[in-house]
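Just below sit the structures, each encoded as structure tokens.
Look at the two complexes coming up: chain A is in both, with chain B in one and chain C in the other.
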Partner chain A sequence: MRIRAERDDLADVLARAARAVGNRSPLPILQGLLCEVSGDELRVTGTDTEITIRTTLKVEVLEEGKTVIPAKLAADAVKRLPSGAVAITASDGEVEITGNGPRFRLREMNVEDFPTLSISEGGDGFSVDSKSFIKALSQVGVAASTDEARPTLTGVLFEKTDDGLRLVATDSYRLAVCDLPGVDGPATALIPYRALRELGRSIADDEMQVMITDRDATFTSGRGSLTVRIIEATFPNYRQLIPDSYPARLVVDRASLVDAVSRASLVAEDHIPIRFHLRSGGAELSVSRQEVGEETEQIEGDYTGDEMTIAFNTRYLTDGVQAITTDNVVLDTSDPLKPGLMHGEGEENFRYLLMPVRL
Partner chain B sequence: MRIVIAQCTVDYEGRLNAHLPLATRLVMVKADGCVAVHADGGAYKPLNWMNAPNHLIDDGQRWIVTNPKGETLTITFGEIFFETAMELGDDPGLQKDGVEADLQRLLADHPEEIEEGLELIRREYPTPVGPVDLLCRTTEEGTVAIEIKRRGDIDGVEQLTRYLDFLNRDDRLAPVRGIFVAQVVKPQARVLAEDRGIGWVEVDYDRLCGIDSPHLRLF
Partner chain C sequence: MNSFAEHFLHVDMDAFFVEVERLYDPSLRGQAVVVGGLGNRGVVSSASYEARAHGVRSAMPIVEARRRAPHARFVASSMGRYGEVSEQVFETLRGVTPTMERLSVDEAFLDISGLRRHFDTALDVAREIRARIRSEVGIPASVGLATRKFISKLASEDAKPDGIHLVRAGEELAYLHPMPLRKLWGVGQATFAALEALGATTIGHVAQIDVEILRARLGPSLGQHLWQLSRGIDERSVTPGGGAKSVSVESTFATDVVGVESLERELLRLSDRLAGRLRRAGVRGRTVEIKVRYATFETVSRSVTPPNAVRRTHEIWQHGKELLAKLDIGNQPIRLLGIGVAQVGDAAAAEQLTLDTPVVRAADDAAELVRERFGDTSIMPASILGSEDRDRS
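Moving on, here comes the complex of A and B:
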């Protein structure tokens, strides 16, 4: 195998495919990138067997063939070469990477050891605007669990609704729902957020095609594809968790709330909640840690409902407020021990349900 | 236990010679013969001491303590402020953090928290290389050996691997698969367990204990 391409283009396809390569894989071959050259194209594949990223690049092909190169080292090596043309040659168990003087000679990994990755046939296909899709994923993704002992909660639920696609994630303490009207989504699929968060940095383009089968989901754009094994589990019945109405509502300026929560976070630790004393004219935020001290401040806003004090986990609250993009944030509540619902004022496509902390 | 608070000097002769000048100190003689001289500071370490077995000669104003190696500790008393002796009896020993033992007890009562369908055969099931924490049967044919740790690292996986090796030699039990259970299973332990076909499960101790967490859940 022998190719020549511009350094920046080559570094880009290698780095993006390398995002699927795990750091802790027990199989050494999974630390490698499969590079296949035919026609006028280089295809690069990185995988940890659950997530597979394929990228392609038009290159000057001097000799067709394939090789497996150490992912991180090769990607970094190409990136650090002087700008201009870079050549990659694989022969006799070595891969030579050269460009304007410097020359790396890396040990080739065994191509036969690289796992064969099958692509499922059929399934539901639809296209999405990448920008709004990635934004929606990042909004709900904050609520996805990272606890691998509960794999169901590490996924984002894709669900078809009457007017589009709904994305849902929960770690049991909070639940985030985002609707994408006009997107013709699949019936239901539970897709690991660990893979979805890589979309923006690996293959997202103006538009993406999404294909979901009963085994995996594949996201494809002009920059490549990402395939991930879907989670075969039943997502919690989230609809019953969201009340139809709330007797109390606080509306505050988002930027002010972000700043106030940020200040409170200086005193709070993960297990110390922020208290909201909700009263006419806004809310008093306070946080107290016995061994450190306390912080208190007033936030002006509109509050309707009975006065109450409700407390939330600092990090979960921060995640929710930051996921909202409108000028004002609405916090609907009913009881200090029942979940509060946050969303943007006049914008209900994104909703963030947050369980309070008992005081 | 004999306790004396007194002004004293202490001289040690043995591997080296050491001298503590006259000062007020606490001198302890334990039932097994250990002698320790403490100052009024420091957490636990005496200024000087002599481990049992040894021989104590008490001539009133002076104690001479000797051990089989020929080392000698001589304590010469000045004014004695306090002296008492008391039989303490056998000590029950240090109670280590009970979480691991409690986890085993709780999971023995509720093996379904580890995996649905598990039924306990026995706690501390003996193998030639030590007892495995729980041995369970499943609804399918087969046996499950469970090793429980507070923090799950690769040593625990190695330990369970040894148990499985021996348990699978027993035709009455085989095939025996393993599940490694801990409050937190470290990433290396997860990889090693999966590589060896051993399952792993993280359990919430507080929830098993029925402790009411202030962090409420949606479901």
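Moving on, here comes the complex of A and C:
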């Protein structure tokens, strides 16, 4: 195998495919990137067997063939060469990477060891606008669990609704829902957020095709594709968790709330809850930590409902407020032990349900 | 004289594990009994007084115990039972006074000042306590009484087995001063050596040393503290509830365990046991800590403080696994594995509520119910089922 390409283009396709490569893989071959050259194209594949990223690049092909190169080292090596043309040559168990002087000679990994990754056929396909799709994913993704012991909660639920696609995630402490009207989604699929988080930096273009089968989900754009095995489990029945109506509502300026919560976090660190004393004219926020001290402040806003004190985990609250993009934030509550619902004022496509902390 | 001056009580179960085993198997009564890990590398966790007469001691290798008392009955530890009986004992004590501080599974401090209207003397309270534990739980307890908290603990030693020792008001120093230094709370190997270098071998000797010298040699706070104790000064009171600031479980393997997968499985078993203890005590932990002893006996520990206090098997296990991964153990053989939680607090205090999705909690909650009725071993995660219990200590 022998190719030549611009340094920046080559570094880009290698680095993006390398995002699927795990840091600590039990199999050495999974630390490698499969590079296949035929016609006028280089195809790069990185995988941790759960997530697979494929990227392609038009290159000057001097000799067709394939090789497996150490992912991180090769991607970094190309990136650090002087700008201009870079050549990669694989022969006799060695991969040579050269460009304007410097020369890396790396051990080639065994091509036969690289796992064969079949892509399942059929399934539901639809296309999405990358920008709004990735924004929606990051909004719900904050609520996804990172606890691998509960795989069901590490996924984002894709669900078809009457007027589009709905994305849902929960770690059992909070639940985020985002509706994408007009997107023709699949019936239902539970897709690991760990993979979805990589879409923005690996694949996303103006538009993406999404193909979901009963085994995996593939996201494709002009820049490549990401395939991930879907989670075979039943997502909690989230609809029953969202109350139909709330007797109390607080509306406050989003930026003020973000600032207030960030000040309170200084005292709270991440395990002391922030108390909201909700009363007419807004809310009093307070946090106190026995061995450190306390912080209190008033937030002006509109509050309708009975006076009450409700407390939330600082980090969960911050995640929710930051995911909201409108100028004003609405916090609907009913009682200090029942979930609060946050969303932007006049914008209900994104909703963030948050369980309080019992004081 | 004030008959309630000696209002600090230290209650200590005699050969606790042995007595619990005797509850379950009456044929063990009156015999030399040794409880511990029965494998080749097991150690004695409790020995009956009959066995102690042959030189068997706690923490002695089981092999040595078998050599010293070949006729003794050897019983494998069953931690679940001890936790249950322990709860019964504390329940009984709480029935006497709420001012109780648990010190470990089988001992507690009590402040009985509040009972002076109901009893004539402190000694009467001690008798009542022993009688109640005997009738309600069925095991013997020893009680030390004194005017100072730390002296009551020393006194319960002298009360054993199955007795009462009262250090009367005014007789504290006469009791304390002849005692060897090691009896003093907080005197470990290094402190002992430092004090010995000053010519002190008894508590009385320490009382004669200039406090400034003690502060200089042992550090200001420890020096001051020991000097005060040696003079019978102890301001500490009984802190109800307090006691256990951490809860942990560990197991020494019959044969060294190799490989992350096996270790994680053992960790799950331990996490499950730990969660059981937290459940019985009605507490949660802020910090999760693991302890790993390599075959080389090198011992390391790692801890993490997650955003929410933990009490469930999977929460504990998950954090334990992450800590284990940080150690990068690879294929090094492991002799002992332990996991615990620190900063234990009331499960009801400032609890992050959950959305209570059935699938998330149903399994854990159902398991808890089963365990409450049928005991800890009645139900467990499938991945540790079938692999035989490797715990031998």
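Definition applied: the second predicted complex is superposed on the first by the 359 of 359 C-alpha atoms of A that agree within 3 Å, B and C clash if a C-alpha of one lies under 4 Å from a C-alpha of the other, contacts with A are read in each partner's own complex, and residues count from 1 in each chain.
Going forward, contacts are C-beta pairs under 8 Å (C-beta built on N, C-alpha and C of every residue); 3 or more make two chains touch, one makes a residue touch a chain.
Values in this document were obtained by computation on a predicted structure and should not be read as measured data.
*Asks:* In the superposed model built on chain A, check whether chain B and chain C fit or clash.
*Replies:* clash
*Asks:* Between chain B and chain C, point out the one touching more chain A residues.
*Replies:* Residues of chain A touched, chain B against chain C: more for C.
*Asks:* Based on the superposed arrangement, let me know which partner A:Leu337 touches: chain B (first), chain C (second), both, or neither?
*Replies:* Both: A:Leu337 reaches chain B and chain C.
*Asks:* For A:Leu81, select first, second, both or neither according to whether it touches chain B, chain C, the two together, or no partner.
*Replies:* neither
*Asks:* A:Thr170 contacts which: chain B (first), chain C (second), both, neither?
*Replies:* Both partners, chain B and chain C.
*Asks:* After lining up the shared chain so the two structures overlap, which partner does A:Thr152 touch, if you call chain B first and chain C second: first, second, both or neither?
*Replies:* In the superposition, A:Thr152 touches chain C alone.
*Asks:* Is A:Pro236 in contact with chain B, with chain C, with both, or with neither (first, second, both, neither)?
*Replies:* A:Pro236: touches chain B and chain C.
*Asks:* After lining up the shared chain so the two structures overlap, which partner does A:Leu353 touch, if you call chain B first and chain C second: first, second, both or neither?
*Replies:* both
*Asks:* Of the two partner chains, chain B (first) and chain C (second), which one does A:Val140 touch, if any: first, second, both, or neither?
*Replies:* Neither partner.
*Asks:* For the superposed three-chain model, which listed region of chain C (25-33, 61-69, 133-141 or 349-357) is the one that clashes with chain B?
*Replies:* Clashing stretch: 349-357.
*Asks:* Do chain B and chain C touch any of the same residues on chain A, and if so, which?
*Replies:* On chain A, the overlap between the chain B and chain C contacts is residues 24, 147-149, 170, 172-175, 236, 241, 271, 273, 313, 337, 339, 353, 355-359.
*Asks:* Using the touch definition up top, name the residues of chain C that touch chain A in the complex.
*Replies:* Contacts found on chain C: 286, 305, 307-309, 314-315, 317-318, 321, 325, 348, 350-361.
*Asks:* For the complex, which residues does chain A have touching chain C?
*Replies:* Contact set of chain A toward chain C: 24, 147-150, 152-153, 170, 172-175, 234, 236-238, 241, 270-271, 273, 311, 313, 315, 337, 339, 353, 355-359.
*Asks:* Would you tell me which residues of chain A are touching chain B in their complex?
*Replies:* Those residues of chain A that touch chain B are 24, 26, 147-149, 170, 172-175, 236, 241, 271, 273, 313, 337, 339, 353, 355-359.
*Asks:* In their complex, what parts of chain B are in touch with chain A?
*Replies:* So the residues of chain B in touch with chain A come to 185, 187-188, 190-191, 194-195, 200-202, 214-219.
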